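Letters are used for the chains, namely A, B, C and D, taken in the order the chains are written, and counting of residues starts over at 1 for each.
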Amino acid sequence: MSTITSSSTTTGRERLGLRLALAGGALLLVSGLLSWSFEPIFGDISIRLWPVSLQVFAMLIGLTAVALALSPTVLRRALGWVHAGPGLWALGIGATAYTALSLAAIAVEAGGLINANEGAWIALVGALLLLGGGWMVRDRPRAPEAFSAQGPATVEIVTIVAICALALAAAAYALGRDDAWVFVLFLLTLGVIGTALARAEVFEWLGGAAGRHQHVLTLGAFAAAFLFPFTQDGSEINMSIATLVLIFAATAIGLNIVVGLAGLLDLGYIAFLGAGAYVGAIFSGSVSSSIGWTPPFLVTALMGGLFAALLGLIVGSPTLRVSGDYLAIVTLAFGEIFRLAMFNLDGNNGPDLTNGPNGITAIPNLSILGFDFGESHTIAGVELSRAANYYLFMLFITALIVLIFARLNNSRIGRGWVAIREDERAAEAMGVNVFGLKLLAFAGGAFLAGVAGTVKAHYDTSVTPDQYQFLESAFLLAAVVLGGMGTIAGVILGAVVLKLMPEKLRFFSEYRLLLFGLLLVIMMRFRPEGLVANKRRQLELHDDDQDRAAQTDRSPQTKEALQ
Amino acid sequence: MHKRSVISAGALLLATSMTLTACGTRGGDSGGGSEGGGDSGDKVAKIGVIAPLSGDLSALGKGIENSVDLAIKQANEEGGIEGWTLEIAPEDDQANPDVGKNAASKLAGDKDVVGVVGTLNSSVAGTVAPVLDTAKIVQVSPANTGVSLTKGEDAENPSRPYANYFRTCTTDAVQGPFAARYLYEEAGIKKVATIHDKKAYGQGLVESFTEEFEKLGGEIVAAETINPDDDKYDAVVTSVKAKKPDAVYYGGEYPQAGPLSQQMKAQGLKVPLMGGDGIFSPEFIKLAGKTSNGDLATSIGAPTEKLESAQAFVDAYEGGGYSDDYEAYGAQSYDAANAIIEALKVSLKDAETAEDARQATIDAMADVTFDGATGKVAFDEFGDTTTRVLTAYEVKDGEWTDVNTEEFK
Amino acid sequence: MDQFLQQLVNGLTIGSLYALIAVGYTVVYGIVQLINFAHGEIFMIGAFGALSTYLILFQGQTSLWVLPFLVLGAMAASVGVAVLTERVAYRPLRGAGRLAPLITAIGISVFLQEFVRLFYDKVPGLDFPSAKQKIPFPQIEVVTGPAIELGPVTIQRAAVFTIGCLIMCGAALWWFINRTRTGRGMQAVSQDPDTAKLMGINVDRVIVVAFAVGAALAAIAGVAQGLLNTNINFKMGFIAGLKAFTAAVLGGIGNVWGAILGGLVLGVLETLAVQFLPGGSPWKDVWAFALLILVLVFRPQGLLGAKVVDRA
Amino acid sequence: MSTAAVPHADAPSSPGRGVVLEARNIVMRFGGLTAVDDVSFQVHEGEIVGLIGPNGAGKTTFFNCLTGMYKPTSGEVTLGGRALPPRPRAVVTAGMARTFQNIRLFGNMTALENVMVGRYCRTSSMALTSILRGPKFRREERESIDRGRELLRFVGLDDKADHLARNLPYGEQRRLEIARALATEPQVVLLDEPTAGMNPRETEEAMRLIFRIRELGMAVVVIEHDMRFIFTLCDRVLCLVRGALLVEGSPAQVQSDPRVIEAYIGGSEDDDISADELTEEDVEVLHAEGVDVEPSRTSARSENGR
């Protein structure tokens, strides 16, 4: 917290800092118009007055810096509520990192730092000025009007919509980058600006605005996601990445019911996706399926969901007696049993059902009400490829899952789950049907995953046991943990990060798992609540809280119950 | 109030996003322009490779990648195809059908790719072939032996499932029986136990082996399976040993076959282990240890080192400075790549872009015929190779030594 | 009957491996109530430690005197990594609920596997083979020679070594726990950490010792597994770890003797299941995991009774 | 709405009315330790009953037996004449709610949500209704919110409805726990040390709150160590020593009973060696293990636990 003697008067040192930051931001802005390299790399950053890639990113950072630096003075009217000090400090660090990495990129791609042109150096100077200015104002107290700020409704709605559109544009742009350097630098830019704005407490305001216009936000986000295929001009590869991300995200939200709401750690969740996928595959009419019957897809989807839910009930039943990390191991064991059973039901070691390790292949494309998902369709002059068809369908399913999650969360059932998560015995003593709700969480989460699985089977065209190994469960859990347990936005963010990064960064794919493991360790150490923390219901991960410790019995069992 | 704000928000969103994405496109265009320019004015056509470049089977996969690379380099040096430069686009499938499918999607999405060499595993081919078939990209496998890839699921009424799929190796339908005849006729073994890893390749081999072996009058005393993820096969070896076979026929690959052979001998089951081309690798001998002497394998084609047509390949490979051995499928991969290059000579001639030439390349494949490293390369109406020369090898003094080469009839 | 005896021997061999690894789970759990998910990887690191020692110092040697050095190399690697993970990853999370350490453990497990896979052949100055595929393990004459035939039963020499290791380790463990100051300190901490702290026991140190003891036994198991299977690979720890955890639960988690008993019982049940249940060897892990679930549900305190039962 | 929200106190309170809660010959053994030894008692409508006794006397264990958190070794509990099954949920549904010695709120839920969890057993919307937001769901949800706010106002927390329970000061957490218990619409409320750790002013407030609960027509059973509090508040007082009922009577009677004083003095003397008041988890662990309780160990534990 900033100093208590917070006065809105600005000291001389702060004034200097703000000016330095302003100058730095301006330099960054200007640098974008200059040449960064003698070589025409990264979409040709050698041309002046024609900013592309790295230059544009620098200008974005510069623009943010200028806005923040001017917020206490010139823009006081509009942006007076912004907490400029910490924002500028974060931006300074980020901008320095960005320009340094840009120089490194130029050096690597063009062969030596000698190839960096004046623009890049000016950007570096700007970043350093910003860093210095930011350091001077980093303790600047928050303006008194910070939290009371509530703009007119139209301004807020426009802002929300603009942010959705920006997110769409950013996603489309990022996916379009083939150059790993540009991709990384773009992500870094987003990260830097995002962190700076978060430090400047812009998101507090946004959070408020979003809360006041939740429908607009939700619809906007989905509209942006819906429009996404139309920006891709039939690019199959980007759409297939996007579809993978969606399937993954939808499953992760299902898992979030179990882990985030009910607090039951499930390490075998991928098996439910697999159960749905196998049902989808077996009843798909694939030649390698041993069952010839092909019901309409909606029936298959329902069957897949119900079968997964049935498995969920079976896995959930030990929760009557087992909880905590024992439960996690039970679910892990169950997941392995599922995979091995699918592996073995091939006629050699059991009934011929799943075709063993070879899996069920050549699964035909979905066809719902005459709409063939395997064909390209032209809608509004834009060609929608096969992957885009599945993307839109998955988007619909994801929307349903999000709706179910949100509504359950905010109901008697959801409160029951959270109560169980918080203190199982107290919940029971207050009349909450603990066992029933736990089963419901398992079965419900499994159902949603099962439905997603039936679509995945058709999209993947093959279902093999290897797709459903433990590591995939760990990935799902990581998406939930990374994003923020119990949140929707966080889990979607986590899913995007975990699926998108390895697809776009080829050089990185070899190290994907290594970094994944490291990420889990670091997140648990430094930010266990995830990227998007659930402010209202932060999980019990920062257990060292004083007031908490005071009221908690010290025996391990009580801690256990609190999980 | 709510409804109105939502509608106006939607309209606004549409407008904003269109503007923004338009901006994005401009940046993207200028990016694409600078990248396309190579050092010559030639257009680029890529030949993809889908093989396990990491994981247990990476020795084989690297051999495939390097051999294709060699073929492409040679073609470019010889002036290859007028106006075109060939490039290699390797993708790792980790011997996993799912990863393989993603690799295939990636290659299909690359407009420059006109052909693919791969895969190693039949199970991976099951997911790769449909993707490439949809994209009309020719696929030539140097190693898939699963019968159904060319003849369909129904063995009685063969019908070709993927028009784009060809292979330079013979199938299980040839290799299994060849092994059966070798064991029964040459080695005089009448009682055999079979073990396989349940994958398409291993199971297919064992099935065709069993059929032929029993037809010849031999006896299959035990039929077991293992899980390739296991390291320890004690339980299986014990059951097999109790049936007192004179040899064990294993359908699968060397990462399992090596330890299996070693553990068999250590448990006192001192009979030869025989397998298909999947165990024909020096890695097998390393894993199986000293007791592997006497183990047998079949492989497709005549021994590379002994075949005159292959000698040129071996020399070129060794001169190519590759750090990995060409392994079991080097020669077949080299031939597969050359088959695609031969077809491209026809199809790329009149093509504007590489993507346009895809279908024409598939059409041209049917007529390709040349003398490759493994002998004459040509394909029948199913896409199978017309040569059916096989060789049996035996481990002698820690090395694979060929003991019998003949044309399978 | 012959087959039964043979499978019994096989089961005891595998069971000894499980038992050696399971002790690590149980000791750590008994003291900090943490399922050290990465313990399977510690076992794997042990095997690679032994291999590295061999490749650096004894390349080409096959005589018996090499073996103790391999074991020492394995222990050094395992204990080092285990203590490091405790220090860097687990200690900061102590008292932070249960979810965070478990997720951390999963992260460490994945990280260690990948680290070995990616970088084993990249150690500067040393010509190690790539760990991306199975690596043959050095053969030591006396322990990997021809099998011993006892009537109808064949016993691999490496199996004798494995079972022998278990017996020796069991004895050493008994002596350590009951006869040394540190061992008694461990007992005290596992029974009541608060009181132990009040009595001046350095709990941090005891926890490190617990990790180290578990890692040392896992390292021996790693060497034994290498000799038995004649090859090792980077993912050998995952399933072995799960099985060993099953063994620890089966015996009663927190109870050292329970872990040893549980390992042996699990190994024997598993091999007998392959022999006598339909479906054959690919189902054996299924039986093991099903057993784990059944034990957790119906007898969470395990065969010999666990220290902390109230997971229910 | 507001009138329906709080049960009516249709009669002034005084003992001697109909029996609401009755416990007959409750015995609870853990291994070799008898924590509750053949205790019987009755609670009448609108009565405030105090339960006192030195540490380790088995008061909380007795509460756990009453509320179904433990299954008594023998004995029977009836509420309004009907036998209560030893399951917490059934007990709450039948009309008896409790608070905990060491506060067990749902820390990461808001105060209002905590109270709404108490409404769980009086509502019945299941998953599908919740997802579809049917009319029943909306009615119940609105009722729950209104009722929750009503109760928060009743305990004086109406301005803290949206605060996380964990962020409330200690005294307010105690009151919130009471509101949560009241939300289950009980006939009898069991309060386990409701003033532990409170300052005199807060204790005074708590006392007034308990009187007001009685005015709503509910019977209250209170465990307390604060004698002044007990003797001012209660209509009747029971004193437990070593699991057995020592004295029962009016505050004045109990206060003057020499055995009570002796029990307290003696109790504190041999506090170190007697089986101390076990936390319920400790006992469960021991129980599940089938292990005899080692007195020294448990005493050390619970001291630390407090």
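Keep in mind that, in the parts below, contacts are C-beta pairs under 8 Å (C-beta built on N, C-alpha and C of every residue); 3 or more make two chains touch, one makes a residue touch a chain.
Computed from a predicted structure; not experimentally measured.
Student: Tell me which of A-C and B-C has more C-beta pairs in contact.
Tutor: More C-beta contacts join the chains of A-C.
Student: Taking each chain's centre as the mean of its C-alpha atoms, which one lies nearest the mean of all protein C-alpha atoms here?
Tutor: Per-chain C-alpha centroids compared to the overall one single out A.
Student: Tell me which chain's centre, taken as the mean of its C-alpha atoms, is farthest from chain B.
Tutor: Most distant chain from chain B: D.
Student: How big is the gap, in whole Å, between where the Cα atoms of chain B centre and where those of chain C centre?
Tutor: Whole-Å distance between the two chain centres: 38.
Student: Whole-Å distance, chain C centre to chain D centre, using C-alpha means?
Tutor: 48
Student: Report the inter-chain centroid distance for chain A and chain D in whole angstrom, where each centroid is the mean of the CA atoms.
Tutor: Going by mean C-alpha positions, chain A sits 44 Å from chain D.
Student: Where does chain C touch two or more other chains at once, residue-wise?
Tutor: Residues 194, 280, 282, 285, 308, 310, 312 of chain C each touch two or more of the other chains.
Student: Would you mind listing the residues of chain A that make contact with two or more other chains?
Tutor: Expected reply: 340, 343-344, 349, 510, 539-540, 554, 557.
Student: Could you check chain B for residues that touch two or more other chains and list them?
Tutor: If we look for residues of chain B contacting two or more partner chains, we find 54, 198, 225, 227.
Student: Hey, which residues of chain C end up touching chain A in the complex?
Tutor: 33, 35, 89, 92-93, 95-104, 106-115, 118, 194, 238, 242, 245-246, 249, 278-280, 282-283, 285-286, 289-290, 292-293, 296-298, 300, 308, 310-312
Student: Which residues of chain A touch chain B in the complex?
Tutor: On the chain A side, the touching residues are 40-44, 52-53, 56, 153, 157-158, 160-162, 164-166, 168-169, 172-173, 176-179, 182, 213, 215-216, 219-220, 223-224, 227, 231, 235-237, 240, 287-288, 340, 343-344, 346, 348-349, 356-359, 361-362, 374, 386, 460-462, 464, 466-467, 510.
Student: Per the contact definition, I'd like the list of chain B residues that touch chain C in the complex.
Tutor: Chain B reaches chain C through residues 54-59, 198, 224-227, 229-236, 238-239, 241-242, 255, 258-259, 262-263, 266-268, 283, 286-287, 289-290.
Student: Can you name the residues of chain A that touch chain C in the complex?
Tutor: Counting only chain A, the residues touching chain C are 265, 267, 318, 321-330, 332-334, 336-337, 340-341, 343-344, 349-350, 470-471, 474, 477, 481, 510-511, 513-514, 516-521, 524-525, 528, 539-544, 554, 556-557, 559-560, 562-563.
Student: Would you pull the chain B residues touching chain A in the complex into a rising list?
Tutor: 2, 5-6, 8-10, 12-14, 16-17, 20-21, 23-24, 27-28, 30-31, 33-35, 54, 96-98, 101, 105-106, 108-110, 122-123, 126-127, 130-131, 134, 152-153, 161, 196-200, 203, 225, 227-228
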